[in-house]
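One structure is given below, represented as structure tokens, and several questions about it will come after.
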Amino acid sequence: MALDFSLTEEQLELQKLARRFAREQVAPVAKEYDEKEAVPWPLIEKLHEIGLLNISIPEENGGLGLGLVEEVILGEELGWADMGFYTIPMASELGITPVLLAGNAEQKERFLRPLTEKPALAAFALSEPGNGSDAAALKTRAERVGDHYVLNGTKMWISNAAEADWTVVFATFDPELRHKGVVALVVERDREGISFNKIHGKMGQRAAPTYEMVLEDVKVPVENRLGEEGEGFKIAMLTLDKTRIPVAAGSVGVARRALEEAAKYAKEREAFGRPIIDFQAIQFKLADMMIGLETARMYTYYAAWLADRNDPRHIYASAIAKAYASEIAFDAANEAIQIHGGYGYVNEFPVEKLLRDVKLNQIYEGTNEIQRVIVARHIKKHIP
Amino acid sequence: MKFVAIIRQVPDGEAKLKEEAGRIDLSGATMILDQMDEYAVEEIIQLKEKHGGEAVIVAFGPERTKEAIRTALAMGADRAVFVRHEGDADPITEARALAQVLKEEAPTVVFTGGQQADWDSYALGPAVAEVLGWPSVAWTTRFELLDEHKAKAKHDLDEGAQVVEVALPAVFTTQQGLNEPRYPTLPGIMKAKKKEIKEIPAEELGVRGAKVEILSQEIVQIERKQKILDGTKEPEKAAEELVKLLHEEAKVI
Amino acid sequence: MVLVFIDHDGKKPKKGGLEAITRAREVAGALGVSVAGLVVGSGIGEVADEAKKYVDTLYVADAPEFADYTAEKWTAAAHAAVQKTGAKAVVAPASRTGRTWTARLAARMDAGLLEDVLELEPSAEAVVAKRYTFLNRVLEKQKAAYPVVISIKPNTAPLAEPKGEGQVEALEVALGELEQKVQVLEKIQEEKKRVSLTEAPVVVTGGRGMGSAEAFKLVEELADLLGGAVGATRAVVDAGWRPYAEQVGQTGKTVQPNLYIALGVSGAVQHQAGMNKSKVVVAVNKDPDAPIFKETDYGIVGDVHQVLPAMIEAVKKLKD
């Protein structure tokens, strides 16, 4: 009898609020921010105002202390309205998570509380120009000098970075040690020696700011180190094991939007004297979209539920959810365009943006190939 | 001071309405706090924030009305009194019941929606005021509390507007532009769970049937011709064609 | 007796008043009684001379206290007339003020209230009325026994014809403490350059798609050419491009013209509530998916900044 798919009353309220915010505030301006490639700060401010920004920050640090199930509820709604916008709060949680996992009480208070008091963001910097998937091959150096580290190197594809109050930077103090030589440092934006270059010309998710972050002799005090020297890589992996679940949630939102837009269009558009939804070719497409949506949503909730219970199965479950949801969402967006025909290919209708946006969900926070590596690793170890 | 907002729960404007045996069936519709009532809730919360005191929600309706009450509490109201009533009621009947609640609450100021999106009635606010022997101001676009006994308000008339000074207690109905209603916040939603909703069955306030009986309801859909021309390539040609249709076919110009 | 409230512009009865008289006669017919009229104001002899032609008896509440409207004073006047005549039914125009004070009156009389009524079927026992509810999306049939207070939706009843010389009687209205509680400090007149929005045969409404306040010059030009009024959507009014007085929709005005032209209007339900009973609806919008097109007879998908000037030219050409 223990199996129970229902949300609590609070979770339903959160869903209602997030849905209303997404519909009334985000969706109407999504196209505009996509076109302008501008950061929607007014939306970030409103999200903070209604308490939906940085929701994982614990109550003792001034936050709401919500879990991944709540993040998934939020992610589906915001992803429905604009995946590019959702990436901003999602990437902030990605920055917050290492502090939650490895920060001491003093660090949590120092770094997290300010993010609850005003509309402010965090960021997470692991990838570099020369390495993404091979995360242990870091080149950014962290040299220990007295009570400081001195950082040198370049981080790439960093969401939020220049917009964030601070970024968790992963660097190596000894490249020979590979993943055992990594340290995680919280680097405040205003430290000397940091520069940001905004990456332009992205195919989609253009509301989400993405930066190259250049570190030149940046001094960071030892008090900003999360965990011990050498624990950085583990912290990064533990973080991603959780935070790829919100990527799945955003994908579910995109898939739902694609289905809704396609169904609406198919009911209105006529060909050969009847609505095209009456044709089996269209019906099968819509049915496949719904099969993908329902299974992806269910599995994403499952992965979030495991992670919130600290069940180790969440490691592979989050990888499955991320890969699967982003793929069915891409297919759904693709078929939504097909159902719209020529109209789907122009930006008067919202479906082409869905495709451009959700392509990134197959790439960031670990490509879907890396997700399969994680699943395969589990198979190798645990499946007889 | 005490500030009261009277609210209703109504179907979302976007919601598709269903008709079942000559009556509107709301069972599948998304129900929300009425948007005109939302201005009322916002106004009393602002009054409380500025002047101190209590912001109280008063509602009348079926069990589901509690959802709208929760929304108002999540926006920041302190507590609620809910008169539970299943079935039809007209504004005058509702006003009689609510007047008894208000008499006991003895508020300084009462706000309610200028018109609610279910019964399209303007009557609730003025009727409540009448039963209590209080003045009423309809379609308020600006409100200023001068002191415990006086308020100044600007409100819309048939054409133009009036600025009035009103002896309190009084009932004000809202008009768009009065304020910008806030969203409920997630912490507010959590807190709202613990706020008091005092429930009173309508029968205890003497509600027995309504003065106005609803005989039937029917969804009206005017059939539109839907002749839509493409003006993306040759706007002049489309405009000319349109004017021609309006002149020759529709005969309206 | 049936009492009808006749509103006026200081000189003669307004259209709404004449419509209310038509409906009052229907009710009086069913009851087999006469129709008494009521006019309220200050220095309204001229109005009374005209209004008495429509009723058997006209009660005139003419006093300086009635120079400015308040719901309390108007209720007091109507109630005094009800007490004097023993009227079982009161009929009034469903203007903003009318719908407010009739609510007070119904509560004071403990009467049923039928608001914003389209059509009436009165009998000797009760009145059945048709009216819209759910933001004008539902046609509802309501029934109320006498005594009853009825407000008549503008532009829905034929205008009453005069039928002789009614008797005129001054109405004494005792104003008490309640009526002193609202003091009018200031009156703000609506800017009125064109025909009134609610009475105009043509309404040309601009929405957010117009892009700026300046762009409304063309909306005005088209409205003037067609002898119509300018309307605006809520977004436009909120942006400060046009005054509230021009807003069409749930929180604005309800219009029912012969021709409604929506330019750059997406067509939210709240907007449609204010215009969806128009006879012919025209829409221009660049978004083929805009909800307004579902409520449209004739439409153009295209850029309003290109289509509107072309429409103006075409209308001018037609007029030549």
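Going in written order, the chains are labelled A, B and C, and every chain counts its residues from 1.
One rule holds for everything that comes next: a residue touches a chain if its C-beta (ideal position, glycine included) is under 8 Å from a C-beta of that chain, and two chains touch if they have at least 3 such contacts.
Everything numeric here is computed off the predicted structure, so don't read it as measured data.
Taking the mean of C-alpha positions as each chain's centre, the chain lying farthest from the centre of subunit B is A.
Counting C-beta pairs in contact, the pair that comes out ahead of the other among A-C and B-C is B-C. The most centrally placed chain, judged by C-alpha centroids, is B. One inter-chain figure worth recording: subunit A and subunit B are separated by 39 Å, centre to centre, where each centre is the mean of the chain's CA atoms. Rounded to a whole number, the gap between the C-alpha centres of subunit A and subunit C is 53 angstrom.
Here the CA centre of subunit B is 20 Å from the CA centre of subunit C.
Looking at subunit A, no residue sits in touch with two or more other chains.
Shared interface positions of subunit C, i.e. residues touching 2 or more other chains, are given as 286, 288. Of all the residues in subunit B, the ones that touch subunit A in their complex are 70, 74, 182-190, 193. Contacts from subunit C toward subunit B in the complex involve residues 7, 68-72, 75, 95-104, 106-108, 111-116, 128, 131-145, 178, 180-190, 192, 196, 202, 226, 234, 237-238, 244-245, 247, 250-252, 258-259, 268-270, 273, 276-277, 279-282, 284, 286, 288, 293-303, 306-308, 310-311, 313-315, 318. Residue ranges on subunit C touching subunit A, taken from their complex, read 286-289. On the subunit A side of its complex with subunit B, the touching residues are 9-10, 13-14, 17, 20-21, 46, 49-52, 55, 64. By the touch criterion given at the top, residues 11, 13-14, 17, 24, 35-36, 90-92, 95-96, 114-115, 117-127, 129-131, 133-139, 141, 152, 154, 156-167, 170, 175-177, 211-220, 222, 224-232, 235-236, 238-240, 242-247, 250, 252-253 of subunit B touch subunit C in their complex.
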